[in-house]
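In the two complexes below, subunit A is the common chain; its partner is subunit B in one and subunit C in the other.
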Partner chain A sequence: MKKFIAMLLVASVLAAAGCAKVVGPYYLQQEEYKEGIRVMGERFKENPDDADSAYYTGRYYLALNEPEKGLSYLEKAAELAPGNADYVFWTGVAYWALMDFDRERAAYEKAVSLDPNHISAHLYLGHGFVDRGQWAQALKEYDVVLGLDPYNPEALYNRARVLGELDRKSGEIAAWKQFLEYYPDGSMAMTATEQLNLQGDFSYRNHIIGQRNVTLKSMTFKPGTSVPDADGRASLTVLGAMMKANRDLAVHIVAYVKGNAPLAKARAAALRDYMLNGNPNIDRARLPLSWFGTAEKVEVGDSVFALDQAVNFITEVR
Partner chain B sequence: MNKRYSLRTLALLLALCLAFPARPAGAGDELAFVSERALQCGVHSETVDRVHAAVDSGEIDGAHGADLLLPLVEACGLELPLAPFEDKLEEGLSKHVRPQVIAHALQEKVEDYVFVRNLLPEPREKVDILALEALAEGVSKGVPREDVEAYAAEFGGVSVQRRIPFLVGAEMVSLLGQVRFDYDLTRTMLEAGFASDSLTPEWNYLIRLVLLARERGIKDKHVASHAVIVLSDRGSLGDLYARLGITGRSLTGGAGSD
Partner chain C sequence: MSMIKNKFGLLLLILVLALAVGAPRAMAQTDDSASDAGSQVTGDTGDTADTGDTGDTGDTTDTGDTGDTDDTGDTGDTGDDEAEAPSFANPAQAAKAEALAAAVAEVSARNVAEAEQGVTEAQTAVDTAAAAVEAARQAEDAEAEAQAQAALDAAMADLQKAQENAEQAISEAASVSVESIASMRAQDMGWGVIAQELGVHPSTLGLGHMKQQNKTQARANNREHGRSMVAKAAQPGNATGRNIKSGVSRTPGVSGGKGSKAVGLSRASDKAKSGAVNSNSSKGKDSSGRGNSGNSNAGGNGKGKGNSNAGGNGKGKGH
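And now, the complex of A and B:
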């Protein structure tokens, strides 16, 4: 509390001193949008030529889900400082919120003309092209974004989607894998995995473990052996952590090797041993095994895929 | 209007009536008297000055000026947050709305706030002002009162321990209700969000997704069913955009589509 009051005091002193560039981001970071409007809005009234005050007031209104009010301030800021790409960019976001998509695009294009490396403007230009079904243009924008910010999750995800729309299958598969390599958790990862599986690639799979949907990198082994590859071992670590957190959770390890049931059995056992070694507190009975000398049949959408070598994890809730 | 509100209002009006005979008659005096009461009670001087400026400029007369401030005095007496009333008054004067219309709107707003406050968990001094504002503003903008009642009845119990999720839920009820999103659908999302503790502030912006989805012909039911999946999985609003094949924008500058 003392820290908060001290920060507020500093912000007030800075506001009084007129440091809009310092105070403005403070209210955004603290999500104190209404207080920001009070302080910066007042400051803008007193200094109608202060672009920063107008800009931040507009940003606060936008964050409060009031784009109409926000736009009027952001436009004022852009008018007062016509060379500022950020100000122009944020008018674009306000136009999007008002569902004026032509003006949105025009704003981003202007922002990019002012600052060719404006990542957010390129990203949202790409999004706009996706929404219009202009896939090639979208891809171009996402490539620019990833050139500037290789880990940008939205660009990585949407680039994969766009490649799919352009029917560039191998590129699409590689792009989904790239996204999943950087962002293997969460709902977007699940959707990415579904898309990957639809292309017949099962290097990642979604599993229901307990109450949660989890994306896991699929288990692979040294050829003809039961020695798991390093990549898949990370999935076992995830499973182990979940079993530690939920003591009622049991995970059935089901291995398939077409035409080689003994190898399937050895693989299932090897995975269990690996997990038990890493998690000595987990009871062996919580990791039951099954093995089959056949391919695993996996249904994805309207298609059925046969996986000659696979491992599936099935939850048993006790 | 409920019983408690009626009694409080009557008490306030009685106090005002008793005070009136002791002062000289006349519209200017009435405005001066109500202004003084407003300032004493905590209405910002800028708001009172704004009304006086409108009177001085001839835009409205003194009696109307008093009428505009009276609901604020009443709100103050009822210990309601004053900022929404001050903002409404300012907005009305800026847009040159007739003072009778502004006063009526302010009076209705007082009733909406009292209605919502009585739904929120006691004690009154601990009522979350932000949740009150979110829901009451929703009611004043057309959200069915029964939706707000249902939300408070079912989820109000969590408001003390889980302030942020309750507040986010209140925003969702308010904003979605204003665009006639079926409360039964909203409820399914809230249920999933509370159960998974996934109602983070970014879900305040769900309304943008709903409006975009409608424009693209995606049914509310479809949006709600996917939102339930995402919320149950503790996913983000960006995840929901992705599932629906829509691109989002961040209104805060944060990552994703908040």
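And now, the complex of A and C:
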């Protein structure tokens, strides 16, 4: 009989623990943090040794931007399960929200000592080093992150920044280009493109298309011809789609080839043909052409760069 | 008043630029090297054309655009009415047209920001009205509750209008369909974030078109420590914010807009990736249809959901 009761007790405890692992993530995923606090907070009161309940309650408070309350639960979770790298990691995030950066770093360092493959702990260690201007240490952490998660956007982006700060120009350019290849959209891409252009590389450019700043991969061609390389065609796809969505949008295609105006003209025409072939509903008058036998002068920051062969897209203002 | 002055100034600038662009059209085309005489040419390392990259085997990306230019040759035979006359008479005219487009976009960005502000104000009005309803309910004052409910209904209607207005403003400015914007909203993206990520917000419109002194200032600001360590992490383009909801790297760009290549290269390039391990986008939860979603390799540590990277001082809202 005693054995049976003991087994029942163990089963109940396991069930309760299991529930926390199932229920806890649910409230995070549904972003029902207040309800989560009610349920898991209650569970923690009933089972003060339940690290999972404490952990999730801490996470909910943190998600609600209440880091002080969150930290107390997260610390409790870490205390109850000292070998859990996640629990320690999240105390670090809470310390960051409370602007206690030394403890934040200590928490991440402890997390990676418990789990050397903890991607987020390495990432945020790197971020902390960037925030402090400790570039070499940051680079080391981002390299670890990218070894574990090769497409991690923030690691790729900040790695490029860090290489720039370390005056490793060629590495910086390559890193920006790698970031842009994987993540060519949004504010980070626009900033990355700006930084790339400041280094004199125009593989990507930010264009004002319509009333929007949009990053496009620059058009390149088979040498000496007007046959566009495959890489740039995705930019034409974006342009075509924007023109489909906005029937008032007209875009000048302006080609430059230093010393060869006829080739510039052929290239402008080839790009227009490509777009019209793929988008038969677009009126060709919405893609006026210009071509010049000179280099394009592009002003970036305090510098002016001459691009011997280039294509620019300029919105027609009507 | 100052906003009106600013707008007036911008409109004046646009007018002047429009005249500048329009006037030289009658001029014969020349390769205008003199027009840039004042510019200091510091290099041409940006020339990316004709790099000798012949390894491209074809574009496998463009599902919507089937055009194949491989047979266009390089004859330059356009066979149309502008074959003899480029639209811009010279590079200087093209540069002026570009500046004009930028000026118009700036006006639009301010309108987008105003529309976004309109939503914020309407939301505040709704929250206030909802609190009044609740207070009247608590006080068991039926008359006050009815009045407060009417005010809430009106505020909700205003909010609906403000949201439609913002949706339309962003859609028009970004040349992205209203449906795509709605799908981004359905992914819990805030108006401001959508506008920023689509490049129609004043904070991102100038990226790549910014003067060096501003960049220098931005870099100087970045070196501040202490409190600013957190504040700067929330700035657009500064990617060191800690995600207090998910703990994983933010996926750049917008969520949603699945299938819309107008969103940008992430939807048109097969080289684009879907985000960090354990991010929502890598798990296919953001319905974005990004170029490549096959990078998830299990593991990672963040357990939750959320696309906030704002961080701020830990008090700001993620979206």
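Here is the rule we go by: the second predicted complex is superposed on the first by the 298 of 318 C-alpha atoms of A that agree within 3 Å, B and C clash if a C-alpha of one lies under 4 Å from a C-alpha of the other, contacts with A are read in each partner's own complex, and residues count from 1 in each chain.
FYI, contacts are C-beta pairs under 8 Å (C-beta built on N, C-alpha and C of every residue); 3 or more make two chains touch, one makes a residue touch a chain.
Please read these numbers as outputs of a predicted model, since none were measured by experiment.
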| item | value |
| --- | --- |
| Side-by-side fit of subunit B and subunit C on subunit A, or clash | clash |
| Touching partner for A:A174 - first (subunit B), second (subunit C), both, neither | neither |
| First, second, both or neither for A:P67, with subunit B first and subunit C second | both |
| Partner with the higher number of touched subunit A residues, subunit C or subunit B | C |
| Touched partner set for A:L249, first subunit B, second subunit C, both or neither | second |
| Subunit B versus subunit C as contact partner of A:Y124, first or second or both or neither | both |
| Subunit B versus subunit C as contact partner of A:R284, first or second or both or neither | second |
| Touching partner for A:K297 - first (subunit B), second (subunit C), both, neither | second |
| First, second, both or neither for A:R205, with subunit B first and subunit C second | second |
| Set of subunit A residues, in rising order, touched by both subunit B and subunit C | 28, 31, 59, 62-63, 65, 67, 93, 96-97, 99, 124, 127-128, 130-131, 153-154, 157-158, 186-188, 190-191, 212-213 |
| Partner subunit A, residues of subunit B touching it in the complex | 83, 175, 201, 204-205, 207-208, 211-212, 215, 229-230, 233, 235-236, 238-240, 242-243, 245-253, 255-256 |
| Complex contacts: residues of subunit A adjacent to subunit B | 28, 31, 34, 59, 62-63, 65, 67, 93, 96-97, 99, 124, 127-128, 130-131, 153-154, 157-158, 161, 186-188, 190-191, 212-213 |
